[in-house]
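Each remark here refers to the structure printed beneath this line.
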Amino acid sequence: MEEEVIKKFLYVNRKAPYGTIYALESLEVVLIGAAFDQDVSLAFIDDGVYQLKKDQQTSVDSGIGVKDFSRTYRALEGYDVEKLYVDRKSMEERGLSEDDLLVDVQVFDEAQMAELMEQQDVVLSF
Amino acid sequence: MLHTVNKSPFDKNSLENCVRFSRKGHSILLFEDAIYGALKGTRFEALLTEALKNTSVYVLVPDLEARGMRMENVIEGVKATDYAGFVNLSVDNKTVQAWL
Amino acid sequence: MKFGILVNEGPYQHQASDSAYQFTKAALENGHEIYRVFFYHDGVYNASRLTVPPQDDRNIVTRWSDLGKKYKLDMVVCIAAAQRRGLLDENEAKRQGKDADNIAEGFRISGLGQLIESGIQSERMMVFGD
Amino acid sequence: MEEEVIKKFLYVNRKAPYGTIYALESLEVVLIGAAFDQDVSLAFIDDGVYQLKKDQQTSVDSGIGVKDFSRTYRALEGYDVEKLYVDRKSMEERGLSEDDLLVDVQVFDEAQMAELMEQQDVVLSF
Amino acid sequence: MKFGILVNEGPYQHQASDSAYQFTKAALENGHEIYRVFFYHDGVYNASRLTVPPQDDRNIVTRWSDLGKKYKLDMVVCIAAAQRRGLLDENEAKRQGKDADNIAEGFRISGLGQLIESGIQSERMMVFGD
Amino acid sequence: MLHTVNKSPFDKNSLENCVRFSRKGHSILLFEDAIYGALKGTRFEALLTEALKNTSVYVLVPDLEARGMRMENVIEGVKATDYAGFVNLSVDNKTVQAWL
């Protein structure tokens, strides 16, 4: 079905995990999308940065009764999804540093993030 | 690049963040509850006035009128548009980003 | 120009579905093409044929169905999001051992790959959500 | 079914109309609730103040394609729902005054609103 | 103590339904009484028997059904909100000329008056929403 | 009186407004995404520290832990609670108001 097109896809994640399903269902799109061999980047801005917080702890039978899906971010590398960008201001005003995050990311300032956005063909916001 | 915002700036931080990442020459469309961000005399007038220096800001008139406002209530420099204009803005800009 | 549309919220609760409809309609009326309308998250509820809105209100589901019919739109409901939320077609109902289905005319259920494909094939991707 | 109890009900409206359905469906509760002869108050705080803005204009066939339900606020009086309170700060930071509102309201400062809330038996937030 | 519970959001999209469930369960396990759980707005979707969540996820609908059965809970779905969103029981489906219904076991459809009554009869009213 | 807040203060204005209308002796419960408002080192630490002067603030530990935080990350003076504790807080306060 697909032609031999490679497009730049950016997933913009601006919502905290668990309070809503957007973080989880966005991740499901990223995983399926990985099969399409496109040029994929993920941006974490605002509360989206919290999606990457280490030490998340809950399960269907304990805590809030919701599955912990945070380890999926660690699996992204195996799907060749390796370009993860975190907005510096969002991280800092939350008192977080790269050490608090469960995957390696690149921390971008506003100019870098704006440039990344501008280069995209498709921006999917969740 | 076209940025779309659909939330009230009083309620959510989308407009603020959209403005933070928009660059010279970009366009911003305010629709649904985001039309409140286009109004004169609110706490967010300064934010939008700042945005107008570098970007073109549009407000969707059907959303504006539904909420009891008219173009005369809107900050000077903000342009009126409708759904067809929204489509045209999307055509004219290579990338569209929704600030949900 | 060829558009892809993504609808992330259900009918009535948020205006997202209304806005997506108005945008899609305006694009079509101005000679543009809609490659696909993809319903994700609570957006899958837009495809329920069991809704009965008040007589003086708009009927969001039939509005989509009618637009789809008129312009032969490809309206796709995400299967994973739909299963979680109870939106099924006849096949899915059988496969899942459910005694009823509730999808409306003009919608089809398929995978998330259809959203990616829409991103690849469309010249612009529009996202409507909360 | 009901016993002869009269309780203080407060409906707290903090969301703008049309963007979401909460304003409309909250109003539907108020109308049904009016039949129960309870002591009903409505508070409009934050974007909830916008629910009362004059000159709303849309219909199923024009504008945003959604029915204008603002006249229902005018009908509340006929249901003996007469205690409408608007938060002053919310009104003022939106550049609105009482003249902009489509019904008569009492404008409350924070202390008055807080006291109103404290007196309630049931607070329904939408 | 006697609690009334109001659930304003559907399953999965927002945590509101999960929180309402955990609160209700904790209240019951600590000897309190639940006068009624009322499902309003998108909350009506919590009562759909057609949901098929992934195997490794919680099943929000059956979790409510099971709790309802165990404690004989009165779980009421608002009829006006349900009609708008396509949640029907057998009677409603017949009345509206729909060919299917989708309400799960343990829920019943009734009017908004049941919410007011819950406010009157309960000693505390808890609201869970977005 | 018990106020419940379930939204992140970064995302929505609920916590800010809850604090504005809470009075001496009231209790505030932070749960779901509102637990972010209870954390040390964020932009909202001052708001919560202010609230703690007059009100008792509680954080729901299951929501805190789900989001990768622990009580050691929480501002001093904020009390830990669980769902049973949430129920008790609702029993102890005559009126409960949810800041949705």
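As written, the chain order gives the labels A, B, C, D, E and F, with residue 1 at the start of each chain.
In this section, a contact is a pair of C-beta atoms (placed from the backbone, for glycine too) under 8 Å apart; a residue touches a chain by one contact, two chains touch by 3 or more.
Remember, predicted model here, so these are calculated numbers, not experimental data.
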item	value
For chain F, the least number of touch steps when starting out from chain A	1
Angle of the C-alpha superposing rotation, chain C to chain E, to the nearest 5 degrees	180
Chains most often in contact, by C-beta pairs	C-E
Geometric centre distance via CA averages, chain E-chain B, whole Å	38
Separation of chain E from chain F, taking each centre as the mean of its C-alpha atoms, in whole Å	26
Rounded Å distance between chain A and chain E, as computed from the means of their C-alpha atoms	33
Set of chain B residues in contact with two or more other chains	6, 10-11, 13, 32-33, 62, 96, 98, 100
Shared-contact residues (touching 2 or more other chains) in chain E	8, 12-13, 15, 19, 22, 41, 57, 80, 125, 127, 129
Chain D, residues touching no fewer than two other chains	18-21, 46, 64, 66, 121, 123, 125-126
Chains touching one another, given as label pairs in label order	A-B, A-C, A-E, A-F, B-C, B-D, B-F, C-D, C-E, D-E, D-F, E-F
Chain F to chain D touching residues, read off their complex	1, 13, 17, 20-23, 94-100
Chain E to chain D touching residues, read off their complex	6, 8, 40-41, 80-81, 111-113, 115-117, 119-121, 125, 127, 129
Residue numbers on chain D that touch chain C, as the complex places them	18-21, 60, 64-67
Residue numbers on chain D that touch chain F, as the complex places them	12, 14, 45-46, 89, 110, 113-114, 117-118, 120-121, 123, 125-126
Chain A residues touching chain C - in the complex, by the definition given at the top	1-3, 5, 7, 9, 21-22, 25, 28-29, 32-33, 35-36, 38, 121-126
